[in-house]
Amino acid sequence: MIRVQRQDFDVGAELARLSQGNHAIGGVCSFVGLVRDFGGGDRPVVEMTLEHYPRLTEKALAEIEAEARSRWPLEETLIIHRYGELRPGERIVLVAAASAHRQAAFEACRFLIDWLKVKAPFWKQERTPEGSRWVEARTTDDESAAGWGKDGEGS
Amino acid sequence: MIRVQRQDFDVGAELARLSQGNHAIGGVCSFVGLVRDFGGGDRPVVEMTLEHYPRLTEKALAEIEAEARSRWPLEETLIIHRYGELRPGERIVLVAAASAHRQAAFEACRFLIDWLKVKAPFWKQERTPEGSRWVEARTTDDESAAGWGKDGEGS
Amino acid sequence: MKVLYFAWLREKTGVGEEEVQPPAAVTDVRTLIDWISGRGGGFAEAFSDLSVVRVAVNQEHVAIDHALAPEDEVAFFPPVTGG
Amino acid sequence: MKVLYFAWLREKTGVGEEEVQPPAAVTDVRTLIDWISGRGGGFAEAFSDLSVVRVAVNQEHVAIDHALAPEDEVAFFPPVTGG
């Protein structure tokens, strides 16, 4: 399942819903991304604004999810990404993978967030006491995504 | 933090508490283990009983947590393990690792569950329509734990 | 043709989305960029370093030599930073 | 000396925890197992295949030649299956 939304989400409720009624699931691996107070820079972040390209976001996330499901034996997957204004400590993203076995759950979950970071059209602007700055893409994210092979270098 | 308890836990509340107020945390990776209806066998599991050795459990989990914290730059870690009677679909265990960076969070979380599986003194008995059976340790669990090196072959 | 700008490209151009009718010389993304940059000011600035500009046409990532049609939706944006 | 049995060792011996006073010949885990097995029945059965029996003394995993003292807490159990 994929959701892109302004409002916060309830991690416990989302994960419970993911495995609800499917007793073939032995494990659910999830990752929650949070706004840090010192993002990539040396000045404290007061607030962050996440902008995105809705039609492409929807498409990109659906492709990432489909790719994960084609690579691992998964029962369920979940991607929830927020946009809008977020403060340090707030949740940005939740990805999760549910499988009979934990190895598939872990690898798929890691894949979801790695690819999301280089393929989903979101941009972050950090507001600090000294002004705003656009967060630059990190080459380590490209490398993490490329580690999964095939088409993993981002766009 | 470590807890061993009979009652269920609220994943969302636990993870929120883990990162509460610490804005250096950029990501929380977690794994929830669930009771499957066909555990290791070919007969449906009606109920599972988890037995443990409390004094050793406490010690083993504390050691696993300390080892994870020594290997990765973690802000917080969490292990909650249940015991007693559990039915298919119920949560057994929650492990989580919070870090500034997602790679450390993922690796540490995986380490926590891998080592827990071979080092924490829990035993599972599955009740099926045709009787009860003790779940046998899996060699793949030994291998997963051994993959982390040093003392990872279990006891 | 619809053109979208995101993040600092939106800030520099001062435009989020616009309908344009480029001349016949605009046949692909590169010539579209040249034409847009020709407006000068923030448009020229936004495209001054193409190594940090990504392009999608009809919600597909494309290279700069991708051919364009009149009904296309063309989006310009920096490398993504979500998650 | 306190002896604990878990999982199917508890079921086979019919005992979860007992206080024992083994003879002087019991100096390590191996001789303790021999002595306990000597009781026969479920005790002998529980220890019939030591490859599936693990031992902890005072909450430390130990090998079968680990020396024992009178106040020790000795626990016998199968390979663990938690998580």
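When the chains are written out, they are named A, B, C and D in that same order, and each has its own residue count from 1.
In the analysis below, a residue touches a chain if its C-beta (ideal position, glycine included) is under 8 Å from a C-beta of that chain, and two chains touch if they have at least 3 such contacts.
Because the structure is predicted, anything quoted here is derived from the model rather than measured.
*Asks:* Going only through chains that touch each other, what is the minimum step count from subunit A to subunit C?
*Replies:* Minimum step count, subunit A to subunit C: 1.
*Asks:* Compute the distance, rounded to whole Å, between the mean C-alpha positions of subunit A and subunit B.
*Replies:* It comes to 23 Å between the two C-alpha centres.
*Asks:* Measuring from the mean C-alpha position of subunit B to the mean C-alpha position of subunit C, what distance in angstrom results?
*Replies:* 49
*Asks:* For subunit B and subunit D, let me know how many angstrom lie between their CA-based centres, rounded off.
*Replies:* Averaging C-alpha atoms per chain gives centres 26 Å apart.
*Asks:* Whole-Å distance, subunit C centre to subunit D centre, using C-alpha means?
*Replies:* 74
*Asks:* Spell out, as numbers or ranges, the residues of subunit A touching 2 or more other chains.
*Replies:* 33, 113 - these are the residues of subunit A that touch more than one other chain.
*Asks:* Let me make sure I understand the interfaces: which chain pairs count as touching?
*Replies:* Pairwise, the chains that meet the contact rule are A-B, A-C, B-D.
*Asks:* Which stretch or stretches of subunit B touch subunit D in the complex?
*Replies:* My answer: residues 33, 50-53, 55-56, 59, 81, 92-93, 113, 116-125, 134-138, 141, 154-155.
*Asks:* How about subunit A: which of its residues touch subunit B in the complex?
*Replies:* 10-16, 19-38, 88-89, 100, 102-103, 105-106, 109-110, 113, 144
*Asks:* Could you please specify the touching residues of subunit D with respect to subunit B in the complex?
*Replies:* Residue positions touching the partner: 4, 6-8, 10, 54, 56, 59, 61, 75, 77-83.
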